[in-house]
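You will see two complexes here that share subunit A, one where it goes with subunit B and one where it goes with subunit C.
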Partner chain A sequence: MPPIPLHHYLIVGAILFALGLIGFLARRNFIIMFLCVEMMLQGVTINLVAFARYRGNLQGQVFTLFILTVAACEAAIALALILILFRRRRSLDVSLWQDLREPGEEATMDEEPLPPARRQPAMPQLTPSGLEPEHRPEESHV
Partner chain B sequence: MSDLGLYSYLWLIPALPLAAAAVTGLLGPRVLRRHSHWPCILAAAASCAASLVVLLAVYHGIGRGEEEGAAARPHEIVAYYSWIKVGALDAGFALRADALSAVMAVTVTFISMLIAIYSAGYMHDDEGYARFFAEVALFIFSMTMLVLGDNFALLYLGWEGVGLCSYLLIGFWFAKPSAADAARKAFLVTRLGDMGLLIGILLLWVGFGHHLDYPHVFAHVQQAHQAGTLNQGLLTAACLLLLCGAVGKSAQFPLHVWLPDAMEGPSPVSALIHAATMVTAGVYLIARCAPLFELAPDAQIVVACLGGFTAIFAAVIALTQTDLKRLLAYSTLSQLGYMFLAVGCGIITKERSLVAFGVIAAVFHLFTHAFFKALLFLSAGSVMHAMGNVIDMRRFSGLRRVLPITHWTFLCGALSLAGFPLLSGFWSKDAILDVAWEAGHDADAYRMIYLLLWVVGIITAGLTAFYTFRAYFLTFWGEERIPPEAFAHHHGHAAHGQTPHLEAPPVMTVPLMILAVCAVGIGFVVGPMTHWFGHFLTRTPGLLIVEPELNWSMMGLSSLIALGGIGLAWLMYVRQPDLAGRFANAVPGLYQLSLNKFHIDELYDTFILKPLAGFTAFIRIFDLHVLDGLVDLIGHVPRMIGFRFRPVQNGLVQFYALAMVLGLTVFLIALVTRL
Partner chain C sequence: MSYCLLSAAPLSSTEWWPIVLPLIAGGAAIYLMLPRPRAYPVLWGAGLGLLALILAGVLLTRSGVVSPETILFWAFSAIGIASGTLLVTQNNPARAALSFTLVVLSTCGLYLLLAAPFLMAATIIIYAGAIIVTFLFVIMLAQQVGLSDADDRSREPLLATLTGFVLLGTLLFVLQRHDHRVNQSAAEIDQLIERTREVAAMKTPSAMQDGVGEPGGKDDLFRQFEQMYRDKYGWRDLAERVDRVMIAWTVTPIDAKDRGEEQLRARLSELVAIGEDAKHRLNWLPPAGTASLSHFSGAPPTTQAEQIRRDKTTGLPRMPAENAAYVGRSLFTDFLLPVELGGSLLLVATVGAIAIAFRRS
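Let's look at the complex of A and B:
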């Protein structure tokens, strides 16, 4: 079986990168946007690995390992930030943060509003059994 | 460098006061407090001792030269290091010891020492005690630098230094608006003269061989003169510019307005800076530059006329002043005018040179004037101290029993200033009149003017005697009147009928007595008795060696004039006190002019200050509306651009990302198509 030529890998990488880019530009959910960024990153790493194999050395592989490490760190920080932002607005919509614009500028409104969020079906709840243990009232607010 | 011997003490003369100024300035307010006067007094005393050593060294040099049969002009230039060396401009830090600088250094340090001691009593409970002594020490440093420096750059350093100290000390009580105004006025007016001095020094540098040090400049001018290549116009211009500096510092006629106002400072400052030492810097400058002035007769006549005019002008103003210190200030102006008259009369005629005589007469008068005028100011300060800071002669009189010591010391100073026969002022004034007479007799050009100046000198001598004794009689004779302010800090003595003890403490009266002895005797000792002064000073390098003689008929004439002036004052203020008022009513115009100081301040206000103020108002409007408008317009452009681009910052993450992607795309396309 002949080896897969280089440009196939490059096409796959380019597709992954383009998908990630379109996703990042089109979606408003923090987490989806973050995943799209990761996808762009993976598109790049595929390029690197492909070139490494094509050239017959390990530089691209090593570089990829570094990128993965950095991406892991980045994920940790990004998710922590997203969590904080979510706690502030109880929403993952990035357009809710557009008040970080130049003061005095008009806010950008959707021309047609988003459809109302689907209600989650209520989870069945078991009735509590036994006595609730006594606990002291909270003293600290931390 | 030869063996310096006794001259090696030269650097101590300015260095010690500088160290005292630094110590007092740094430690005074915190550590020394009430003992802040010690560094200043000790440094002044040590400087005085070092100056005397240098003086003796020069004197010894003269003696040795005479033994060898040579006409010695002993002098030593001690170069310490190269101070400014830029291209052809070379100013070394070099001090010189010769007859003139030694005499000046001794005068300055001796008077400073006495005044520093007096100030310890006079300023005793002042807030700025330490500041006062630090500034006085700094002044002594600057003044000794001025007289000891061997080049024009060091002279200028000292010149500006004394100007600064004068400013600081006139404005010593800076919370008082009049003192602050007077300080500013003094600083600005003398700055006007200093500008001329600086240009004059640079003109000498440019025109006469790129030298700044005295020996080379004088030698260059002398050689050019002998070779017949001297640029007469340039030399006259340089001399007139030097004169301009001297006129500012020594408060001669057009720039005299600052000195009377300078009396706002503490009395010891008036005595030290504005009577005895700093204001004589101008006379020193012209005496030092006598080798230049003697070759510029046109500048010489200007010096003489300016001096003569100031002498009589200030004397006429002094006739009617009622503020004791201001009267003495006008008297200082007048006496400085005398000194300028003397150096201005030092001309070269066909038969002989009067230059050395002029310089000797001027410096001799400077020397004796330093003693008796310092004495008069300190005595006036003692009166002011006793009278609770009242200095208006209309408010007190008959103080001769209240202030017995001050009375006697003031009398000594007044007699000396008036030129009473055989006292110090008599001999030096006589020398000046003598030179003026000789100049009027022998001059080739401007003969009538010199004769006229001699007449002016004689008249001024009479006026001096009159106004001095007017002040003396008004203050110490007549009915005993003491203003209530005098008792402000003598609570126990307010009882009527009992003469309170208002006399100053010994720390103030002892310097007064020393100065009184000098004012009476020193002129006789160094003048006619031994001829020491003329004999010594004529050995200054650059002067001809002459032997001064006494002119008996001149002495008789000036004695008569002085006694006449004193007698007239006695007649008008003691014998028939109503005579003064009648006399004033007889010539109301002249009386008013004199009382209002010839309206010089008002004239300056109308013809210089007002137009200048109008011009500055115009400039202000131009600046506010035209220049600021232009600048604002330029500032407006970025703001307009920003206004156009502001909507880009809309807070949408996707928009930013899209902008980045598009930008990157454009960049990549550009990159690729370039390839």
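Let's look at the complex of A and C:
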């Protein structure tokens, strides 16, 4: 029974990397851009682990462990930075920070208006802590 | 063997269309599905994406065998790529974070197929368990006032898709090219091995000698093997081994009944074994030098191809069964300094994150 050739794994890694690249370039939400970068890292780790398997050497797996470490650090710092940016502009939109672009570059303008009646995006919310919900003892079964 | 992947040889159509077809379908799917104020119908993008996935599976990762391993590989990669597409095209950040979890989980399935169970567990715990939860917290904390433009618009969808797919096309082209060459060389060696097996199946010693061909002649089996190894690939040691087998073949007495036949068969099976060794070498980069490197993480880069212990049925190098123990040994011998540095990096990142996110009232 022949094994799966190495380059099949490399193809999957390349596809994940390219998808992440597209997302990073096209999307405008800080968090989604960051998730796309993480997906590019996933594509790279598939390559490393596949080479480790087909070379009979554990160094690829160890590299992937280090990538995990660095990704965790990166997530911590990036989320802290995203929080600060959010506090300044009250939005996660990258285009609100386009004052930082190079001189001579044109500003991105949104010409097309968003359609007026759109569905409300289902965003999960944290329940505010500290407020006790109202109790109605006569309905309680406890 | 030349290790240059891109030679001046022109592209043949059988080489480029299996790459271009799924790329066009996939690129169109991503372009249609990227969020924009006046969105295209979802079904168009989804259908094209499915078509691209199936085309890529059939044309790019065709292996001919259907075994549990290949089915799992296809399932994990299809789920991973599909949820990656969802992550890129989803306009709800919370759902995007969840589809990223799915990408991580299917990648972990691929790790398991690649004999890395410790890494699989670590990735699930760290990524799916810790990083994604932090992301979801931030998404919920950063609840936007009213609707924002950011999630429903994309920046330059056409150019971004083109960039990504041109990169992907280049990578796939190089990979396919290399695979094509390795397959061609393997088929050539297989042909000679097949002929050797046919000769070994013959009944009488004289028939076998006829089958091998006239010594020094054009159809001399030994000479064909030797010339291929020496001139085409530059594998001197294999050519010398063939030489030795040839000398043993010529001095084998064929008069003694039965014994001579068996001896000849033994010579031919040596030839087959050398051919199998040569096939393993095709995917193997030449050793980088002769320096003695550490063996703690497995066979070092200077190992010769024939010194690798291989699995009998699959031909892949053997990996230790106790993956976690051996990864630990590698971490604390070869990579001790990087482990320490990684620890300090985590500490610094923690301090930094707290310092950055601290709210001054």
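Things worth noting here:
The rule is short, and it goes like this: the second predicted complex is superposed on the first by the 104 of 142 C-alpha atoms of A that agree within 3 Å, B and C clash if a C-alpha of one lies under 4 Å from a C-alpha of the other, contacts with A are read in each partner's own complex, and residues count from 1 in each chain.
The rule is short, and it goes like this: contacts are C-beta pairs under 8 Å (C-beta built on N, C-alpha and C of every residue); 3 or more make two chains touch, one makes a residue touch a chain.
Note that the structure is a prediction, hence the values are computed from the model and not measured.
Look at subunit A after the overlay: subunit B and subunit C fit there side by side.
In the superposed pair of complexes, A:80 makes contact with subunit C only, with no contact to subunit B. Of the two partner chains placed around the shared chain by superposition, subunit B and subunit C are both touched by A:94.
Touch criterion met: A:72 reaches subunit C, while subunit B stays clear of it. In the superposition on chain A, A:62 makes contact with subunit C only, not with subunit B. In the superposition on chain A, contact of A:105 is made with subunit B only, not with subunit C. Shared-chain residue A:42: touches subunit C; no touch with subunit B.
When the two complexes are overlaid, the chain among subunit B and subunit C that reaches more residues of subunit A is C.
Looking at the shared chain after the overlay, A:19 reaches subunit C, while subunit B stays out of its contact range. The gap separating subunit B from subunit C at its narrowest, counted between C-alpha atoms of the superposed chains, is 6 angstrom. Common to the subunit B and subunit C interfaces on subunit A are residues 21, 25-26, 28, 94-95, 108.
Against subunit A, in their complex, subunit B makes its touches with residues 646-647, 649-654, 657-658, 661. Note for the complex: subunit C touches subunit A at residues 30, 34, 36-38, 56, 60-61, 63, 65, 67, 69-70, 73, 77, 80-81, 84-85, 87-88, 90-94, 96-97, 100, 103-104, 107, 110-111, 113-116, 118-119, 122-123, 126-127, 130-131, 134-145, 147-157, 159-161, 163-165, 167-168, 171-172, 175-176, 178-179, 283, 297-301, 308-309, 313-320, 323, 326-327, 330-331, 334-335, 338, 342, 345-346, 348-350, 352-354, 356-357, 359. Residue ranges of subunit A in contact with subunit B, taken from their complex: 21, 24-26, 28, 33, 94-95, 97-102, 104-105, 107-108.
The touching residues of subunit A, when paired with subunit C in their complex, are 1-12, 14-23, 25-29, 31-32, 34-36, 38-39, 42, 45-46, 49-50, 52-59, 61-62, 64-66, 68-77, 79-84, 86-87, 90-95, 108, 110, 112-115, 118, 121-126.
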